[in-house]
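Remarks on the structure that follows.
Order as written gives the chain letters A, B, C and D; numbering starts at 1 within each chain.
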Amino acid sequence: MIPSMELPLVFFTLLSQLAIGLTLLYALRTAGPSVQPEASAKTQWFVFAGILAFSLIVSLTHLGHPLLAPRAVLNLSTAWLSWEILIFILLFALMAATAYLGVTRRFVWLTAATGFVALFVQGMVYSPSSFPAIHNVLPFAFFLVTAVILGAGTSAWFAPQDTQPLLRWILVGALSAGLLLFLVAPCVWLSGGIVMRLTGLAYLASPLYWAHIVLGLAVPLAVILVSRRIPSWLPILLLAGALCGRVVFYLDTIHTGVNIGGLQ
Amino acid sequence: MKKQLGFYVDAKRCIGCFACAMACKNQYHQASGVVWRQVYPLKEEIYPHHERAFYSLSCNHCEHPVCMEVCPASAYTKREQDGVVMHHQERCIGCGNCVRSCPYGAPRFNPVTERAEKCSLCWQRLDAGIDPACVKSCPTNALRLINLATFNEPNAVQFPPGYPHMSRLNPSTRFRQPELPKIIKPEDQQ
Amino acid sequence: MSKITKQEIERILENPVSRRSFLGGLLATGALVILPSCRLLRPGTVDTGQVWEGGYQTFRNACSRNCYDTCSIVSYVKNGVLKFVEGAPESSFTAGGLCVKGNSYVRRVYSPDRIKYPMEQQGRGTGKWKRLSWDEAMDKIARKILEIKARDGSLLGLALSKYSGSFGITHYGVEGMMSSLGYTTRLVGTPCWPAGMDAQNFDMGNMLCNDPEDLPLARYMIVWGANPAWCSVHSMKFLYAAQEAGAKLVVVDPVFTQTAAKSDEYVQVRTGEDGALALGMCRHILDRSLYDKEWVTAHSIGFDEFAAYLREHVTIEWAAQKSGVPASHIAAIAEEFAQARPATIWIGYGMQRHVNGGASVRILDALVAMTGNIGKPGGGARYAQMQTWGFNYHAKNQKQPESSKGWIGASGPKGEFDFSGVKENVKYADRTININKTAQEILDTKDPQVRMLWVACKNILSQDFDRPKMLKAFNKLEMVVVADQFFNQTVEQADIVLPVTTFFEEWNVNASYWHYWLSLNEQAVKPLHEAKSDIEIAAALSKRMNELAPGSCTFPTTVDTKDWTAQEFNKKELDLFGISSWEELRKGPVKAKLTSSAPWSDGVFATPSKKYEFHSDLCAKNGHDALVMYKEGRPAYDKLRLLTPHSKFGINSQFQNLDWMADFNSEPYVYIHPRTAALRGIGHGDAVRVFNKVGEVRLAAQLTADVPPDTLLMYEGWYKGLAFNCQNLVDDLSSDMGSFKTGAPGVAIHDQFADVVRA
Amino acid sequence: MAALAGKSGGVLNIVARNSLDCVSSPQENTAWSIVTSFWAPKKIFCECIYLGRILDNDIILISLRDFFAARDGHAMAAACATLTKAAPPADGHPASADTADELEYAFNRLFVGPGAVPAPPYASVYLDPDHGLMGESTRIAAAVYDALGVSSPSNGSLPDDHLALELDAAVVFHALKAREQSAELAALWDYFLRDHLMLWVPLFVACIKQAPDVPPAISHVASLLSAWLSEESGAKPVTHVPPCIN
């Protein structure tokens, strides 16, 4: 990874996953057959679209030549990255349309589904063979769990009271899944090849990784188990933890090129 | 089999003198810090002496290049006539996806032009009928240009230890393993 | 005013740098730049720089570094700018490829760090430099020379320190300049190879080595204390050819070098005890009477005395105990060596940089001689040769002004390239002092003391020994003039620095002291900035000297490097290479026409006895043992031995300062055996301090079993921006031989000791 | 520089030079202010000099050329003096505080040598990816001079893209533009300014600002150089400052 180029990507992935998480949570909240769209649905969806738009702009600053960005969709035949850009633009369009044309059930579920697929495509972009530790479904799993955690957490700010318990359960589930996932992954890597083991060791030795585990996952889980509702300051903690986790994901995942000349 | 050019890295003859790596700089004057051909010392778990055996590696001109696969702007092409994988500067948007995705670290990011760039097997020299700069400069003939269609060196290896094993890409580089001498040391220094 | 046409602007723009059309694309117009420029909006970009375009102008060049391989170069020029270099395909030794240093030459010519103009420092080491024109610089130097002449009555107060920074033959014009001024003080001798040179001259009457291209004929090769994989990369292919033809390659070296990794058998000998190991082999060969009786009786003298010495003083157990090599292996190697026909030993220069260096080389010569391998293609005691250096030295042989006074008394040869021999009955001569003790000599020399020092083709403060003492010596000097290309540690302490040309910017000719090829050096590009070649500097100085004091300098006041190169050739040299005129060298390098690839093939030697001399009276006359015998090494003055050999990334203090080289080798290390490091709590990569009675060096450590447990190893070199200098640890103790042929004894570079602790 | 040939001290052998002599005397400049860097602690963004009034004469340009073409302390001090008179630094520090010698030592340490210089005054060091001399940008500069009908007096020993030569070319451009409006000339000037000078001079100025202990006189000259550049291109000066080359 080239550190100087990665910061914009950290923010792009986090913010886009936040936006997708919010749409997923909105869909889950209003999933019930008799549930009417929430009062502030329109403004919510404008906010979701705004977050996604901002994340796309930030991703432009990662490019060496932003003005050539339109070329990024030319290689749909083989490049997941081209699909990622296409599907995120489509997602933004759907979010904006939903917000603009009215938050109908059909639109909500279509956007949520597109968001889910977007997470999968994004996961595939980040699992090249040059990073053995994440040359699998883990990036998608990381992104999905992060999206749900951030989505559920931040939804608590504006979701109606009657849906708070549902949010709380979803957040408990997501946090426990996240805790399990982020703790187990490095340990599994320790038993893999040299480069995979180096990645595991790098994660476990990184303070940011432990900040993500403790502040981003464990403490929030404990808090909402004890206080039976999601305190308003909790989403800040979740966002900060996710940020630390994502920086570790970019900087401490070891590339095979680093160990050429050594056993792989 | 179709003509596919590649490098034969003879680690038995290679003395790690870096002449090939500097010959590439001598030919293309890359920005400081940007290295297209690097000479990697083998770690002691593979060759038991510190920095005494090497692999000289640049782009492997794979059969299924991952750089060509993942580049969103289709800035890479693979030449029909000899399988050279080329990068086209003007199409590159500087996203670094190829630099990230190539397991051999062949594409490098040029901070001055903010684009990726890599070894292009000196295709201009090939078209003019002369050897690539690195191959011509090797003093022990340890780095040779081969055509996989007609290459049949018996003790050649595609994935030696210390070289990422990526059979899906099918890199065109072939290797010969380094060898060890008989060593006679004073008793107290075994 | 010329009418600017559209085509002219297009011609300007349609160059590889900016492919976009001038008036077209959004990127091209300047509109972009008007917007507040930030990370998003980029001004026009540049291509990846140079690509191979064809249509180059080519020139013949010769690498002028102090190196076995002395490559013939083909340089590719476009629009008067050097674009890239390659090896000359016509030479079977260079074989079309240069080394990592040769391939970085373009960077030396066009580096922004290059010294551009003559400059004067207001106070040595202050970093306050003023620019001078060439006239002003020559004026200041000329006035100082005349002032010295007036004060001392002679120019012995002016000293020259010059050695192998640039080996082109016309560079001997610097010595010529000194002679044209009068009798001066010369720092003579050489740190490189003097002990071995004397030894071979005592044994065989001259230092001649087999043509390295006959190595494939050898059946058994010992590379003894040499590391061609780093210091003669072009010889390796011949060693490989011999191995492929079934020969066995043995490397004897205290360190497991890169050459050792390519050998069939590596023998680790204790540093400085090579003589003991070789004597053990001689004794075993004698006992098994595997030596070549006919050759020894027909072509050598003193063998019986040597045999008696062996029986009396040498046993294989003694040799094993001294050298650390198990007795069984000494016997095995000795037998294999004696029975293989032909067998050869490549005697390295590192091996003779000891207080017993000369004696050790004589023992190795004896080992090759007693097995009848001298004068055999594929055999021989290979050290070096100077057969191909038979130039006129026209640039060097200048006459002193009539009334010059100088040194009274005999003065020996001024270095190995001074073929003028010992002059006895001459009224005046130059004063010679030992270049390997430059600091001590400057401090000690009196009536007259050394007042002014001219440094050319040399980097004293990186390469000469005992750096702290050298700085004291510099303080005693009234003026230091340095001619160089880069701001190295000697230029830092100079009063006046003069910019010199690279060999691409001057005519010259060059031969090697190892292989038998001759290469011409054409001027490929015009000198950049205000650089001048050494002989142009001499001409400029002479012009000013004669303006101030007519007749005070006999050097011609105008010089053309092409013409002076042509004047270096004589019929004997042209015949040796089988060419009728030097112009033929413009078509490519040529190889000497040797009757046999092995010198002494006729069994007639250049010694007084015309035979190989195990017993050499000439050797005794020069203060050494007449007979080949063991000589004790230097007793340790600190805990660990310290070796400072050459790095593959530089030649002495050159090349490592270039950023291209730093991309592959960015910092120096000290290499320590893991056990030794563990005792001192030193881990891999830790910052350490290496220190001894001379001084100290701070750098990072690397742990490796390539070095023996009792040895520290750091490679010499000058890194841009780093204070690293291994001469802070090496004292100037002399080696045993060297005065006979080079005018001063060598130096025991590898007989140093030090200790290391965590920094 | 090599012999600074040229009839009227200009760096280039200007074929048609007479038009330059009619340079009007420098009018008095009304107040102009220095906008200090936005983040006081962060030295990355150098001061940006935003000119209250467009400097309408060439005296600044000629003095800048003379300064960078100077070979000794006195010529440097003289050029500095005219520059300070023509555009006094706002914070009023006495620009000529250091002696001619001090100025010369600093000038040589920054731009000439003999050591490694932090701010080499050659375009190719900043434009060509390998930061060497005599690169592609040198060829462009030579081509532009060629199109103007002028040539450097140093016949190749002084790289054509040296700052002094390029500033002198700017003087030539101004002279030619004053005499006749031709589209090609404007196009050539536009190219030389935007795709050459504007690309490397800001980086050169940034290297000066980042170099250790730069005397005030030289940093003032550097600021004037970037001010002149931005005034020429009518843009806010380039504030994006990449890390220095050396």
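By definition in this document, a contact is a pair of C-beta atoms (placed from the backbone, for glycine too) under 8 Å apart; a residue touches a chain by one contact, two chains touch by 3 or more.
What you are looking at is a predicted structure, and each value in this text was computed from that prediction instead of being measured.
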(request) Compute the shortest path length in steps from chain A to chain B over the network of touching chains. (result) 1
(request) Identify the chain pair with more contacting C-beta pairs: B-D or C-D. (result) C-D
(request) Would you mind pulling out the distance in Å between where the CA atoms of chain C average out and where those of chain D do? (result) 44
(message) Taking the mean of the CA coordinates per chain, how far is chain A from chain C in Å?
(response) 62
(request) For chain A and chain D, let me know how many angstrom lie between their CA-based centres, rounded off. (result) 50
(message) Residues of chain C that contact two or more other chains, please.
(response) 39, 42, 45-46, 48-50, 106-107, 659
(request) At least two other chains touched by the same residue of chain A: list those residues. (result) 64-66
(message) For chain B, give me the residues that contact two or more of the other chains.
(response) 29-32, 110, 112-115
(message) Could you list, by residue number, the parts of chain D that touch chain C in their complex?
(response) 2, 15-16, 71-73, 101, 104-105, 108-109, 112-117, 120, 122, 125, 127-140, 143-144, 147-149, 155-159, 176, 179-180, 182, 184-185, 187-188, 190-191, 193-195, 198-199, 233-236, 238-240
(request) Over in the complex, which chain D residues touch chain B? Could you list them? (result) 128-132, 135
(message) Give the list of chain B residues in touch with chain A in this complex.
(response) 40-43, 45-46, 54-55, 57, 66, 68-74, 91-97, 99-105, 109, 113-115, 161-166, 168-169
(request) Using the touch definition up top, name the residues of chain A that touch chain B in the complex. (result) 1-2, 5, 62-66, 68-69, 71-75, 78-82, 85, 125, 128-130, 255-258, 260-264
(message) Which stretch or stretches of chain B touch chain D in the complex?
(response) 29-32, 34, 110, 112-113
